[in-house]
Every structure is written in structure tokens, then in C-alpha cells.
Amino acid sequence: MNRKIKMGMVGGGVGAFIGEVHRKAAALDGHIDLVCGAFSSNPERSKQTGKQLNLPDDRVYGSYEEMIEKEKTLPEGERMDFVSIVTPNHVHFPPAKMALENGFHVVCDKPMTVNLEEAKALQKLVDESGLVFGLTHNYTGYPMVKQARDMVSNGDLGEIRKVVVEYPQGWLATKLEDEDNKQASWRTDPAKAGPAGAMGDIGTHAENLAEYITGLEISELCADLSRMVDGRMLDDDGNILLRFGNGAKGVLHASQISVGEENNLKIFVYGEKGGLEWHQEEPNTLLVKHLDGPTEVYRTGVDHGYLSDAALNHTRLPSGHPEGFIEAFANIYRNVAFTISSRLNGEEPSEMHLDFPTVNDGVRGIAFIDSVIKSSESNDKWTPFSS
Amino acid sequence: MNRKIKMGMVGGGVGAFIGEVHRKAAALDGHIDLVCGAFSSNPERSKQTGKQLNLPDDRVYGSYEEMIEKEKTLPEGERMDFVSIVTPNHVHFPPAKMALENGFHVVCDKPMTVNLEEAKALQKLVDESGLVFGLTHNYTGYPMVKQARDMVSNGDLGEIRKVVVEYPQGWLATKLEDEDNKQASWRTDPAKAGPAGAMGDIGTHAENLAEYITGLEISELCADLSRMVDGRMLDDDGNILLRFGNGAKGVLHASQISVGEENNLKIFVYGEKGGLEWHQEEPNTLLVKHLDGPTEVYRTGVDHGYLSDAALNHTRLPSGHPEGFIEAFANIYRNVAFTISSRLNGEEPSEMHLDFPTVNDGVRGIAFIDSVIKSSESNDKWTPFSS
Amino acid sequence: MNRKIKMGMVGGGVGAFIGEVHRKAAALDGHIDLVCGAFSSNPERSKQTGKQLNLPDDRVYGSYEEMIEKEKTLPEGERMDFVSIVTPNHVHFPPAKMALENGFHVVCDKPMTVNLEEAKALQKLVDESGLVFGLTHNYTGYPMVKQARDMVSNGDLGEIRKVVVEYPQGWLATKLEDEDNKQASWRTDPAKAGPAGAMGDIGTHAENLAEYITGLEISELCADLSRMVDGRMLDDDGNILLRFGNGAKGVLHASQISVGEENNLKIFVYGEKGGLEWHQEEPNTLLVKHLDGPTEVYRTGVDHGYLSDAALNHTRLPSGHPEGFIEAFANIYRNVAFTISSRLNGEEPSEMHLDFPTVNDGVRGIAFIDSVIKSSESNDKWTPFSS
Amino acid sequence: MNRKIKMGMVGGGVGAFIGEVHRKAAALDGHIDLVCGAFSSNPERSKQTGKQLNLPDDRVYGSYEEMIEKEKTLPEGERMDFVSIVTPNHVHFPPAKMALENGFHVVCDKPMTVNLEEAKALQKLVDESGLVFGLTHNYTGYPMVKQARDMVSNGDLGEIRKVVVEYPQGWLATKLEDEDNKQASWRTDPAKAGPAGAMGDIGTHAENLAEYITGLEISELCADLSRMVDGRMLDDDGNILLRFGNGAKGVLHASQISVGEENNLKIFVYGEKGGLEWHQEEPNTLLVKHLDGPTEVYRTGVDHGYLSDAALNHTRLPSGHPEGFIEAFANIYRNVAFTISSRLNGEEPSEMHLDFPTVNDGVRGIAFIDSVIKSSESNDKWTPFSS
């Protein structure tokens, strides 16, 4: 990398959970500088956030429109290279669209948009512009998830037969949206979150993880969404039967009313001759199972020569030095930064650096939400899923 | 108990897995004596087994018919009190029926029969005779399962909203039935196992466990059964969406092709204010989850005053002294023995001793299999389930 | 086995913890019949226990002396074959001595005696009589402990360098002996327990386990015993540095004041090229560690062809069907029973059946206690240990 | 904070493990800017590293002496505020001394020096100058370690009776220092590592952690150090009995030859009425044990209101979003940065920000090494430990 890559941020006013995560993830490896931001739709709050982040006043903007317009006038190398969008779901599309139309690369939180039309519009813009678009399906950034994907694609498990992906959380087991909880209130409001609640917020992560690891596509599904908390406007729990293109079957369930569960994304993959098990809350361990012989405990660590290249390349520390959520998140930022750097230098990005979720994953996620809602409302057993 | 209760066994020739388990479970607490048996349809093999078990020759029979007829002629206190049926599924009904018709109590392995008609016939015989009928849904015998049930019924979790019960095994991931494996061959043969494979062998355990712990009844379901191994005649994997009578939702899946899984029955129950998690492979631990505050690790142990009466009453050892599969199985035998003893003494059995699965659980299990198969073959999303 | 082996019991009046364990362990496999007992020094209580165990009145004795004398007069095949001694420590030696002197085989709880003189006297009697003497260091009965021993002796770990064996319990963290707790009161009373408290009760298990698995002998040690609870008469905690004959080093600590610990015996063994880790509270798992490559999870199960013969031979169930404390205990009884049976038949017992702790382990345990106490009271750093 | 705090680094040429960790830890929260460095004693390599880090050429120095002298001439706000020293042990003292003498704050890796004289000299310089000195005993930066400390100091456990702290690693089980492994070669070389190997590298972490959590001081110890690998010059394994000032006893062992262990620092603390257990490899979980009642699973998470203020203040994410090694490390940098910032503003740092290891911990660590070596070479059982 010839120089650090420059990031402008939309959203992420001080106190916002995910904005802080994006900033730390971008900062971790020293490849990215936050140079400007429109941190809030409230200009005063945006200024205040900029001050706390030690940004110069003239790079803190009152709106994303202002930011994109002003930054565009700065010389390359000084202006931001990409926009990081960390707003609630309904404010993903407008800044992403404007950034792409003005030649800025984009990193966007998920779900990418609130409907499929917007998602496909972004896909078209990316395809036409050739700009980089990273979507923060951050769980695919974990080294052991890379390892799992590589073992499946190497054929270590044989043909895949069954996939169980589960994502229980418990934080919305009560009507938290009535208690002035910012995270809860927008996520349960269709005007801001889009048509899905838990299924959009975390179900899409589960879908993305299952397809990322197995390399398979879900071809049809049968969903049962629920609103378990009285008066809630969006689903807070959902159970889904899955069928994959190759004949594999599976189960996906996601919940935000599973009392006592934190962020317990877990996946089990079984093939003809092997199995895999991974738990996000202990992300540095991957269990590898065999027809004969003991289960093996694969562990993150740059010293573990038995890991795949991709697993090692997304690991920072020796074994036994736990890497966590931010490190996995940072792997997406790092890869995006290297890919942008290659573009700036007129070079082809390496395959390793292109290993991050893109606008196509975003379209697929929105199509998944659509299919799940359609299925849940239908009396037909199976609803096709494609994107 | 005034005297030991006397057991006759049908099936369980030396080498059979589950017969040995029944014998050890019956022997463990010293309340039951094995006094006779028809251990095999092959009289020679039956004799041989009897010899290895140190039974007198005249109490080893060539068929269950002979056993029931001869034992009936012996005086009370000498003759067997009950018959334990540990044959493949298709040989449950005939000896059970004959035993009941001749006044013998019964312990029967599960699934109880190979069709609903037989199951209801047994139910009718039990209802009319007043005889004791125990079904070895042994997983409900674990102390921590009793604890879980008691916490739900006490309202510790509030109204139940979600139940996830999973039962992956991997031992049938290859076509073992072609390799002279006795356990595999009858379980995959519709003539011996009945209409269901994995769903009958282990899915019914999952169904029974979920209903036992929650006290709820599954009211409708949506199933997707598979035969993943080429040429297999019965399901070896199944995924099911559940709806319960109270509005709770859930997932049940059972599999015998999940490579590397041993006998990994596990259940997660979530209510309005609490959650529970239990894994059969670490049966002495029950995780208890809360809206606020840390998860608690409940553990088996007669010294743990915080456990429910039923949990303590089905525990033999102080904490940290692991109790396992046979101990749980033995809890069913112990309760059946005490209940028979009460009957012999003309007393009412205690509620604690009546805590074992009965012919009604057996009918429900067979009805479950019927509903699951019907659902799996249907394009309707929901199939009602009742028994 | 031509017939069941007949057991007489000394101690184990109803309500005693360990007597019940011995009875269940002896009963489990159907090779042993309890035929008589002197269950209490209180004849009334002995009678009552016998009744509850459905023993005939004339086989329930008021003292072990009476039992041994009377049983001796019965014909072989009717009289007891061996005596099981499950009394507090100070009543191990007298009945063991008398039984051996009268030609009865013995199973004895540990620690074997309350001093080395008694221990050596028993050893001499056994050596001279050729009688079978089993000592219930039951933890060596677990299949995964057999597996560990076999892997060490096969050289899978290379030369052993370090052994860490830990045995924390918490049940004596308060002065329970003042609260009418029978288990606590004799174990903390030097007149009944002998010169050591925790170190005798559980420290000897740790010592025995470490030497059993590694095949090494502790050659010198440095101990620091404590009485942490005010007014307690015997040690309730002890920390020990170990040196082994081959140059390996280690740590042994045992405690009954480690609040919240149940029965958490655990051992870690490291050689030049491999490591092992085993926890008694999850006894069916053995972690096998390597210089390179992932840790392997060995698991109990008759279906696990990768296990050693001895591990498989001491396993009753398929993998995933947890075996526990009683099953491990029962392995000692089973092996003793088969060994006695061979003797009765004038045959040489198989090596597999001779795999149980003997009077020599008992002597070593008492010598260990002696050395530990001597070291703890000494200012010398190292105290030699031999037996 | 009015502005970002500026860091200069000594050591940490590209490829060095711990230098990278320090840089990422310093970068994570956006409070610190790396502005200059003397990354290697080889000026060419230093330059190259500076380039990769996107530093301007004139802030990349050929030696720490040059860096300190040149930076001193720059105006406050432009020059570095503190020096981060990440060299092998023998190059900690000289740059630390020079930095302090020239008015720069210091962050230094551990062990602080290679002998007690140097350590005390630094202590004197810090005391006299009032400068900030942070030592990266990073394991105390974990939220659950803060929680443990706070529970002990609140009296939740009652008087502490026993402490077991264990630190097994396996990476030096072979003679890696002969294989061109940079990490191994200086750590096993007395000229660079100082008089201790494993005990200096990781034993001091264990000592620091035990004293940090319990608030107790080790008063005497009995050590047995080993060089298990043939030809190794420094200890690679050590077992130590501990006695604490309040009468508590304990065990500390540290090893780099425990095959298959990664970085398995773990601690168990037992008081009169409670116990704690923490494992560095699963750092977001703290087990809290009680005399009565189930063990509680405390978990990292800003949403967990039951955690102590200090635990919450050192946490960045909601529960279930794993924080790891770098985050804990970053907590030290964050606190040092806030403390320096307070000093720059003439304010008193808050107690929360002063919660990082200091020069006094460094002196204590070196004194610990001295006592351990003395004890290991002595025939006296107990060696006093003070600093």
C-alpha cells in the first residue's frame, strides 16, 4: 500500500454501537484513516462527534450530501477514498447511491437496503462503475470461517448433506423499544428497519454464513416468522427449513427473544465424510469431525501450519491469543482497503484481498428476506429462493 | 419394597446393545431380579444367553409365548412380575399384548409399535387392565431433565415461547446396513423398524423430551424427511417446524447422517423470562438463563439443595460424581418397580414413582411418526398432530 | 464365569454414601451377588439394612467377626467369596486382616489403612495367601484413563516431562463436621481417618492416578499442607511439588476448601511429543495434544475403533451414551470378580482382568501420606518417597 | 482528550510479533497516533518499517538515542508524548532510562529489565520525574480480570485461602532456538532474555495476575525450575508453591514445554465463601462459585448491568461479541493515553484511567524472578519474596 486509505463516515454519532465498531475495525491495522464524516442527521451532533474524534472542523459535515459534494472537490490523496455507511437500514441506500454516482467506493452495513429494488439498483451502479462495494457481513471475516469454507471447497467433507445454522439472541425478549433504547427502537420499526426484524438483522447473517461456508445456494425454503412480544411490529423469531441446490437440507433459525442468549450464532455442516461445527462466541475454535477417528479441534493462530492460507492470512496473532469480533470485522476493512489501493495503483487486487462480502451478497440478503416473508405468509410448503 | 420385583425379558440375546442396557439398568439399584427370559427367537441362542446370565435352565424359554404361558403357572412371588421387551420394533406389540392379556406388567422399548392401530390397542389393554406399562423414553430419566420440567411447571421461565430440540447422530452416514451390522440392519428395514427410520429411532425421543420438559403439546408441524444415503429404505434425516398448543414455536431435527456426532440430543427452551439448555452428552449440567443476570450452571448432586425434589429423588451420588445413561435408564426401572410393588401391596404408588413414560407416551410417539410422514409427503405447510 | 461371585459387605449401613456405591457397582454387570453383610457396628442397624436389601435374616450379622466366622462354615458356592470393606478408614485393617487370614478375598476402600505398618501387614498377608485384594482407587476404572495409560506406555507422548494432577473439592469449606454431617465428621477426625484429611481422602487418588497413567513413580516431593478452616484437626488443603524417577517434574494439589468445586479431579500429562488432558467430571473425553496438528478429542464408546483394547474392554455403551462414576467403579468389581472366578476354576486370570488396584497400590498410598506429612513438617525442600 | 496522544516506538520492526500487537492496541481506540520510531538497531530495516507504516522519512530514526534527541527538539503537540519500548528484554532499560531522563512518558514491555538494579533505577526515575510509566502486563486489561479483582476486593469471596495460577505453553517443547526462530532465539538466550526463560516470559504474568486479582502479596515461595529440552540455557518449566501475606496458600506453574498448550493462562481463586475461575483463552467468561447455589457464568458485555464499573469501563461491545487479546492490550494503552492527557491538561487522572501496571509492577516482577531462581537453587524450603 503506497498510502493509507481515507475513509469518510455516514452515521455513527458518538454512542451509536455499530459506528464505533466500524471505526475501531478500520483503525486496527493502520491502513485506513478516518478523514471526514457526516455522523448524524443533526448537524450539531455531527460536529460534536467530529470533535471527539479529533477531526478538523471543516471535514465534519451536516449531511452526507454535503460531505460527498465537498469531498469530491478535494484532490485525490486528500479527499476521502471511500464512504462507510453505518446508519439504520433505511438510510443505507441514499448515501450509497450518491457515493457510487460520484465515484466513491463504499462500505455499507447490512442488510444492504430495505427492499429488493434498491438493492438491485446498487448492484447495477457497482457493476457499471467498477467501484469497490464492501458489505459488512462481518462473521465471514473470522479465520475459522475461512478455514471451514476452504475445507468444504477442498472436498474434505465430501458432498454436503445437511446444514444447521442457528442465531439466537435474547435482548429483545421484552418490549425494549418502549424503553428509550435506541438500538431496539429502530430495529423494530418497519419505517427504519425495513420489512423484517430479527430476520433482517441477524437472519441474513445466518443465511450469508451458511452459503459462504458451503459454497451452496439455498434454492427453496419454508418459513415460520413470529412476533412473540405483544405489540411488536416486526418478527422477533423465525424458524426456516432449507433446501439447497445440490440436494442438501437444512435448518435456519434466528431469534431475538431467546432469553439469556447473547449473540450465539453457530453453524453445523455435515457432508458425506466429514462435519464442521463453529460457534461465533468462541470463534477461534473449529471442530472438525470424521467418519472414523476423533474429532479435531482446529484453532486460530499464525503458528498453526495446518490451517488454510486464507485462515492464516486473516489471523494476526499466535495461537492462544484470542481474536474477536473487531478483528473479524477489521478483516473486511483490510481487504477493502487493499482492494481500493490496488485500484488506485491500477493493479489487479489479489484473490485474498477480494475475499469480502459485496453488493451481490447484499442483493441476496434482501432477496432472502423477501422469500422468507413470502413463505411465512403462505400456505404453500416451499417457496423458491433466488436472487 | 417388601421383596425384589421379578423381571422376565423378551429379546436381548447376548451381544444385543439395548438388552444389556435394560439388564444393567434393572440391576443397578438392587430392586429387580431377572428371573427368566426368552432372549432370542432362536431357542439355542436363548439358552446360551440364559446360561451366561446364570439363569436356571427351566426359566430360559424358546419363545415369549412359552415364557408367558409357563410363568403364569408359577406362584406369585416366584413367577416374573413384569416382562421387559427389548426386541426390534416389530416385535414389541405381540409380546406386550400377550403379557397384558395374561396379567403381567410391561416395560417396553420405544417406539412402542410399528403403527398407530397397535399402539391404541395396547393403550386400551392397559386402561382396561390397570396394569403398569413403562416405556423407555429413557432421556426423561435424567435428574437435570426432571429439574428442567419442574422449573417450567413452576413458572420460572414464564410462558414458553420457543423450543429447539436437536438430535444429531452420525453412525448411519454410510450404508452400514450392507456391512453385517445388526443394529443398522433392522433399524433401516421397514419390515422391522416400521415406517420411520431416524424419526422413529431418535426423533420420537426428541418429541417426547420436548413435551415432557415443557408440559406443552405439539399441535401442528411441517416436516421434511430425507434418505441421504443412496439406496436406504427409510429416512435418515429429518427437519421439522413445530407449533405448540400455547402458541410457542419450535424446531425439531433428528439425523443419523451427521458425521462425527455421537448421540448429541440437546434441547433449548425459552420462555418470557428465562431459558434452559441441556445436552444429553453432558447430562449432569443444566444451564439456566435469565433476562438479567448471569447464566446459572445447575448440576446433578444429592448435596445440591437448590434442586427440585424430583431431580434429587432421581440422583444417586454427590455432585461431581458423574451419573450417565444407565443411571437415567435405571430411574425408569426403579420407578416402575416401586409402582409394581405398590400395586402388589394394594397401595397407591407415589407421584414420584409414577414419573415414568407410559403407554400414552407410546401412542403419542407413534402418532408423531404418522404426522411427520404425512407432512413430509404433503405440499400443505402445516399438518395437525394429535393422539 | 461359571457362577455369580458372592459378596459379603462390612459397613455400608443404609444412608452411607460409599456403601451404596459399592453395592450398585457390584450389581451393575450381573456377575456379583450380595449374599451377606455386617452393615453396622450397631447390630440393630445392620439388621435393618439387611432387610432393606432383601437379604435373609440369617445372613445379616452384628459384626464382621461374626460374619467371617459364620460364613466360613458354609459350603463353597453358598458362602461369600469375598468381603467388601466400606467402613471409615480406621476399620479397614481389622476386617481385611481377618478376612485374609480366613481365606476370603477382599475388596477394600481407600486409603487402605491408617498407618504404614498395617498396610505392610496386609501386603504380607496377600503375598503369602495368594488371595485377591482389590482397592477401590476407582478413578483408574474409567475407560479414558485406561486409554491415557496405554498411550503413554505405547510411547505416543515420548518421554514424560511434566505431570499436573489437581483435585479440588469445596464441600469442607465450612466446619461441616460440627453440623452432624456423618461424611464430614469421620473424615476430619484423626482417630477415624488416620493422620491425613484431604490428602488421605482425595490426595491419594491423585497420586494413584498420576502413577497409573504415566507408569512413573514419584521419587521425591515437597509438600505444604494446611488446615484452612479454624479448629479443624486434619489438613483440608495441600500443595505438593513432585519429582519423578525419570526426571519428570510435576505438581499435585488437593483441597476440600475450594468453594464451588465438586469433585474436580483432573490431570495433565506432557511428554516430549504429546500431551494428555482428562477431567473426571467429564470422564468420557480425553484430549490428546500434539507438537503439530490439532488437538484430538478421544471419546468413550464401544464403536470407537481407535481406542485401545483396555479402553474398549472397560466400556459398556456406544459413544455419546455417557458412562459415569458407578460404571468406572464397577470396572474394578468386574475385574475382581473375573479374577476370583479364574482362581475358583484354577485358571490364570487374564491380564485385562488383573487391571485393578491392589494391596501394593494401598501400601504406596499410605507411604505417600507419610511422606507428604513428613515433608510438610520439614524445612528440607525435598523428601524422598518410596514404598 | 483535547488531542490524540503521540507515540514513538523503539523496536517492532516489521515481522516482530509484539511490536505489531502494540501498534494495533495503540491504534484501536483512536486516541493515539504513532508519529515516529526507531524500529530496529539496523537503520535500513528501521527505515523500511517506517515506510510500511506510512511514516514520514524524517520521523524514522536509526536508533532510540537519535529518536529521543531529535524528538525532544520538536514543539509539544508535534513531538512524541511517550515512547513505547517493544524490544527484547535486554534493550528495555537503556531506552526507558533515556526517555524518562528526557521527559518522555514510557510504555514498556515486560519483564521490565534484566536485573533488579535496573528495575529499581527506573522506579527511582519515575518517582522523581512524575512521568507516566505503563508496563504491558496485558492480561490485567481483560474486563473479566477487572471483575474478578473487584469481586475479591468487595469481599464477595471472603478472606482468600487458595490461589492456583497456571500458565502452560508448548511452543518451546523442541529446541526451536536452533531453527532460526527469532521469537525463540532471544527468549532462550540469557544475554537477551535475562536470567530467566519461561519464568520471565510468562511466569511473571502469572505472578502479576494473581496479585492483581487478589490484592494479596506473595510473601514466600518454593520453586523448582527445569530445563527440559537438552542444551537449553534457560528454564523452560517451573513449579512453585506460594504463600501469601494473609495466610493464603497457592501454586504457580509456568511452562513452555507443555506440548499442545497454546497460551493457556488460567487462574482459580478460593475464599471463605466464594470462588473464581478464569481462562485467558476464553477471556470473556468468569465463573463465580458459591458455598451454596449454582455456579454463575459472568460474561463480558456493555449490556451486562451486573458487572462492576471497572469491568464495564474496559469493555467495548455488547455481550456475545468476543473481545480478545488486542482489546485487553488496548485497555492499557487507552488508560495510559488518558493519564498522559490529564497530565498535559494539568488535571488529576481518574482512578479508572490509572488502572494499568506501572514501574512498581515491573520491580515486583524482577524481584519475583530473583526469588524464584534463588529458591530453585536452594535446599531451603521457603525463600522470602519482597520487592
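For reference, chains read A, B, C and D in written order, and residue numbers begin at 1 within each chain.
Basically, a residue touches a chain if its C-beta (ideal position, glycine included) is under 8 Å from a C-beta of that chain, and two chains touch if they have at least 3 such contacts.
Note that the coordinates shown come from a computational prediction; the quantities given were computed from them, not determined experimentally.
**Student:** Computing the C-alpha centre of each chain, which chain sits at the greatest distance from chain D?
**Tutor:** Farthest chain from chain D, going by C-alpha centroids: B.
**Student:** Using mean C-alpha positions as chain centres, tell me how far chain B is from chain C in Å, no decimals.
**Tutor:** Inter-chain centre distance comes to 34 Å.
**Student:** Using mean CA coordinates as chain centres, what's the gap between chain A and chain C in Å?
**Tutor:** About 55 Å, centre to centre.
**Student:** In angstrom, rounded to a whole number, how far apart do the mean CA points of chain C and chain D lie?
**Tutor:** Distance between chain centres, rounded to whole Å: 43 Å.
**Student:** At least two other chains touched by the same residue of chain D: list those residues.
**Tutor:** Answer for chain D, listing residues that touch two or more other chains: 261, 287, 295, 299.
**Student:** If you connect every pair of chains that touch, what shape comes out? Choose line, ring, star, complete or other.
**Tutor:** Drawn as a graph, the chains make a fully connected set, so complete.
**Student:** Show which residues of chain C lie in contact with chain B when the two form their complex.
**Tutor:** Contact set of chain C toward chain B: 1, 3-4, 17, 20-21, 23-24, 27-30, 34, 53-54, 169, 171, 261-264, 280-284, 299, 301, 303, 316-327.
**Student:** Sort out for me which residues of chain D touch chain C in the complex.
**Tutor:** Of all residues in chain D, those touching chain C are 157, 161-162, 164, 166, 168, 170, 173-174, 222, 224, 226, 228, 237, 239, 241-243, 249-251, 253, 255, 257-261, 268, 270-275, 287, 289-291, 295, 378-382.
**Student:** Within their complex, state which residues of chain D touch chain B.
**Tutor:** So the residues of chain D touching chain B come out as 287-288, 292-299, 304-306.
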